[in-house]
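So, here's a batch of structures to check.
Same chain, two partners: subunit A is paired with subunit B first, then with subunit C.
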Partner chain A sequence: MGPRWKRKGAEAKALADPMSKIVSDLRTSLMLSNSQGILSGRSVLLGADAAQTELLSRACFGQPIITAEKDIQWFELSMEEGFYLCYSLRCIKIVGEDKRVKDEQQVWKYMTSKWVAFPVFFKAYSHLRMKNWVVRSGSQYGVDFVAYRHHPSLVHSEYAVLVLSKESGDANGRLRVWSDFHCTLRLCGSVAKTLLAINIDSAGKGVTSPSCLDSYEVEERTVTRWTPEECRENQIVVENRTK
Partner chain B sequence: MGPRWKRKGAEAKALADPMSKIVSDLRTSLMLSNSQGILSGRSVLLGADAAQTELLSRACFGQPIITAEKDIQWFELSMEEGFYLCYSLRCIKIVGEDKRVKDEQQVWKYMTSKWVAFPVFFKAYSHLRMKNWVVRSGSQYGVDFVAYRHHPSLVHSEYAVLVLSKESGDANGRLRVWSDFHCTLRLCGSVAKTLLAINIDSAGKGVTSPSCLDSYEVEERTVTRWTPEECRENQIVVENRTK
Partner chain C sequence: MDLVDGVGESSLTPRSFRSFSGYDVKSDVYNRLVESENEAFCNPEFCEQLDIHFNCLPASYCLYVVTKILDFHLSGWYDVWPVITCVMEVEDWASSTGGTSDSEISVQDSNDGEHCHISGDIPKLQYRSIKSKAHWNDELGLAEIVEKKGRMWTTTGIVRGGNICCSLEETLFLAQEGALQLSDDDNLCLSLEEIYKMVGQRKYGGCWESFQVYRHMKSLGYIVGRHVLPWTIKRVKSNPISLEGIPEANLMKNRGQEDAKSMIELLNSLRINNLRLVFDVYPPNSKFKKSSPGNPSYVLCLLSDHPPSNPEIEDLERQCDGLPLKFCHVDHGRVSYFSFDKVELPFLP
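So, the complex of A and B:
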């Protein structure tokens, strides 16, 4: 199943305006303004000027929040998004509620304390983002993420992503029984997405510091229904016979 | 969400031909012919004459099997269906591959040895069948059963049923994480079914004999999405104001 563009010309528009360039521009802009994200529960709040607001929207990071402030637009980032900008792109600093800048180790400690599965989910999120996929929450479809080839205004999400992990408790415990498989595949089929199972193997490297992430192994599998009619060897037989 | 009849007049036809009567006729017919089901792996094979074939089809038990035999139509029953006819309706005997009739205790032992979750699934199946619901496999929708108000030729299935159990390992481990909930509810919504979670509490009564089933407690819950717009108290406020 290929990408489903939302309108004529959308593919050309996406090709002319690559996501890597948009994220790179966002990164430069945030670095130049010494941007700081503020930890708030399981979110990171980030203030943006007009240009950054446009770049955050085009790169699909966070959700804009309506406030009374006129000069600054606030965005609520997920923990994965906040940590990606801070640790992977190194373009924002993260401060605690005490307004003091936290180093990477402190941010990591905060996030893993809030959410035990954070390392595994962050690895999956950053793995896809690094490849210039736009990654958003998949809760609407009962999966962890959905992945878009470009901005959601141009293209439908192509993959429904479930994050799995061999270590129990690390991830979400999905796809362990057939009925769950059937349910997920049937739903993915009805919304024209391919199920992408990302298995993260932390290889016993633990979660003590974000540098552990480098050792995590990522295994990607797309899961599709097996349709006997489409998998028969008739075609090959016919080919051989006509030779 | 009410029943969705498949055509005009289907509801009247169902009312004139109640499922309880069809199952009762099937029971009488099977008893009179001393019918025997044959254990075969995780199925029970049942031979039927022409009248019984029609009654089995109308009552929706098993799947007909194509064979070369002309006078007898074979049906493949699931373990729940076979045990329901044998133990709950007491209208068939079950024999092993050695052709010897097994008593209820022996059949029970065979089925629980083939499938550790059999007691819990059978309790849920028989609970719905006793109330004259037609119960079929839900694997197409990633659930355990689907339940029809009458024959599937007249009405769409109304409930997607998941069988849950407090004792881990007893049932299928579904609905334990939010993403699974979201996935299942989204799918149920798109196929116009209500999710029915049947929780079986075996109350520590064990599985030593089928008489344990009488002590199992059954808790039924329908699960629906909470839509804020539909749940606001505005209407009540308006009513109070206009008083």
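So, the complex of A and C:
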């Protein structure tokens, strides 16, 4: 199943406006303004000026928060998004509840304490983001993430992503029983997405520091229904029928 | 004449399929089957039976079925009737699971839920007067064919010392079709009931679920053999590929044990927890040769109580040595197949 562009010209527009460049511009802008995100529960709040607002929207990070404040647009980032900007792109600093800037190790410790599966989820998130896929929450579809080839206004998401991990069973306990398996597959089919299982092997490296992530192995597998009825049409070896 | 434009929603009215685009589908099928000179088709009841079966079909996929019938007569007419039933099952399944492909946008709720038969609608396979005969060899766990009838023997059974032997699922499939008469050591005819019981015993390398898979694939025209079991005895020596990676197989080769009995034992030992590589599947091929079948298109793995984990998938892939692997799950008489393909999402600009 290929990308489903939303309208005529969308694909061309996406080609002319590569995601890597948008993210790179965002990174530059945030670095120049010494941006800081505020840790709050399982979110990171980030204030953005007009240019950054546009870049955050085009790169699809976070959700805008509607406020009366004129000069600053506030965004709510997920832990993965916040950590990606902080650790992978190194373009924001993160401030804790004590109002002091936390270093990467401290942010990591905070996030892993809030959410045990954070390391594997972050690995999956960053794995796709680094390939310039747009990654958003998949909860609307009962999955972990959805992955878009470009901005969601231009293209439908192709993949419904589940993060699975070898260690201690699975990070999210998904696809372990037939009812869940059939349910997920059916749902993905009905919303025209391919189910993508991202298997993370932490290779016993643990979760003590974000540098452990470098050793995590990532394997992508699509989970699809196979229909031997349809497959046959492409494979038949028949003798010439015209006698 | 190109019969197939693919399956889709048809604008045909019911019963109009017979004169679609001026082409009389049923007559063409009938004529081609009779041309094949198989004596079974000359049975005067045959035309009537064909009529009944066509009348059961919704117009929208009669063309799809027709192609299959025409393909099947090349591999042996015994396969024809289950195809029709099977296609109806497939379409039922498709409409109740929201489509057979992931590109369906909307969930089809009609026909959802129960796959129920009204007792008057349950199709019966046609009684055949011409049957092959076989004798069940309990020690080998195989049926030895004593009298061959029909053209399906080019793609069914394994050759052992000039004789054809059938596995339990092949035997049951043919017996269910009414195409095979099976007898025991005392030359008494084994009924379908008795063969069902044999499957239940699970001592011949198969089980009810693997039989369901076999039946389904066979009905679609695929050539299906037990995984690893050679089509002819010669293959064991000349083509070790299918046995590689299986420690028990290497052990057997070293001991020089190549007879069918050891093969059955080997197959039983291949059960790994929940998972079992069961069948090698080849595409429909009227020129299939047991002496050189080539590599199968797929290897089927039968799953039972839970979907496979990633380590399990990787382990099975290693055992298949590069051959495409498909997973099947049997649930309430329905067989579902899945692929877990390794991919790598591209680096985007």
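Operating definition for what follows: the second predicted complex is superposed on the first by the 232 of 243 C-alpha atoms of A that agree within 3 Å, B and C clash if a C-alpha of one lies under 4 Å from a C-alpha of the other, contacts with A are read in each partner's own complex, and residues count from 1 in each chain.
Throughout what follows, contacts are C-beta pairs under 8 Å (C-beta built on N, C-alpha and C of every residue); 3 or more make two chains touch, one makes a residue touch a chain.
Being a predicted model, the structure only gives us computed values, none of them experimental.
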{"item": "First, second, both or neither for A:Arg176, with subunit B first and subunit C second", "value": "both"}
{"item": "Touched partner set for A:Tyr159, first subunit B, second subunit C, both or neither", "value": "second"}
{"item": "First, second, both or neither for A:Thr222, with subunit B first and subunit C second", "value": "second"}
{"item": "Partner chain in contact with A:Asn34 - subunit B first, subunit C second, else both or neither", "value": "neither"}
{"item": "First (subunit B), second (subunit C), both or neither touched by A:Thr194", "value": "second"}
{"item": "First, second, both or neither for A:Leu128, with subunit B first and subunit C second", "value": "second"}
{"item": "Contacts of A:Tyr141 with subunit B and subunit C, given as first, second, both or neither", "value": "first"}
{"item": "Subunit A residues touched by each partner, larger count belonging to subunit B or subunit C", "value": "C"}
{"item": "Common interface positions of subunit A, toward subunit B and toward subunit C", "value": "176-178, 181-182, 185-186, 190"}
{"item": "Subunit A partner contacts - residues on subunit C that touch it in the complex", "value": "4, 70-71, 74, 87, 90, 97-107, 216-217, 220-222, 283-287, 297, 306-307, 309-311, 313, 326, 329, 331, 336-349"}
{"item": "Contact set on subunit B toward subunit A in their complex", "value": "138-144, 162, 172-174, 176-187, 190"}
{"item": "Residues of subunit A that touch subunit C when the two form their complex", "value": "1, 15, 18-20, 128, 131-133, 147, 149-150, 159, 164, 166, 175-178, 181-182, 185-186, 188-194, 196-197, 199, 219-230, 232-233, 235-239, 241"}
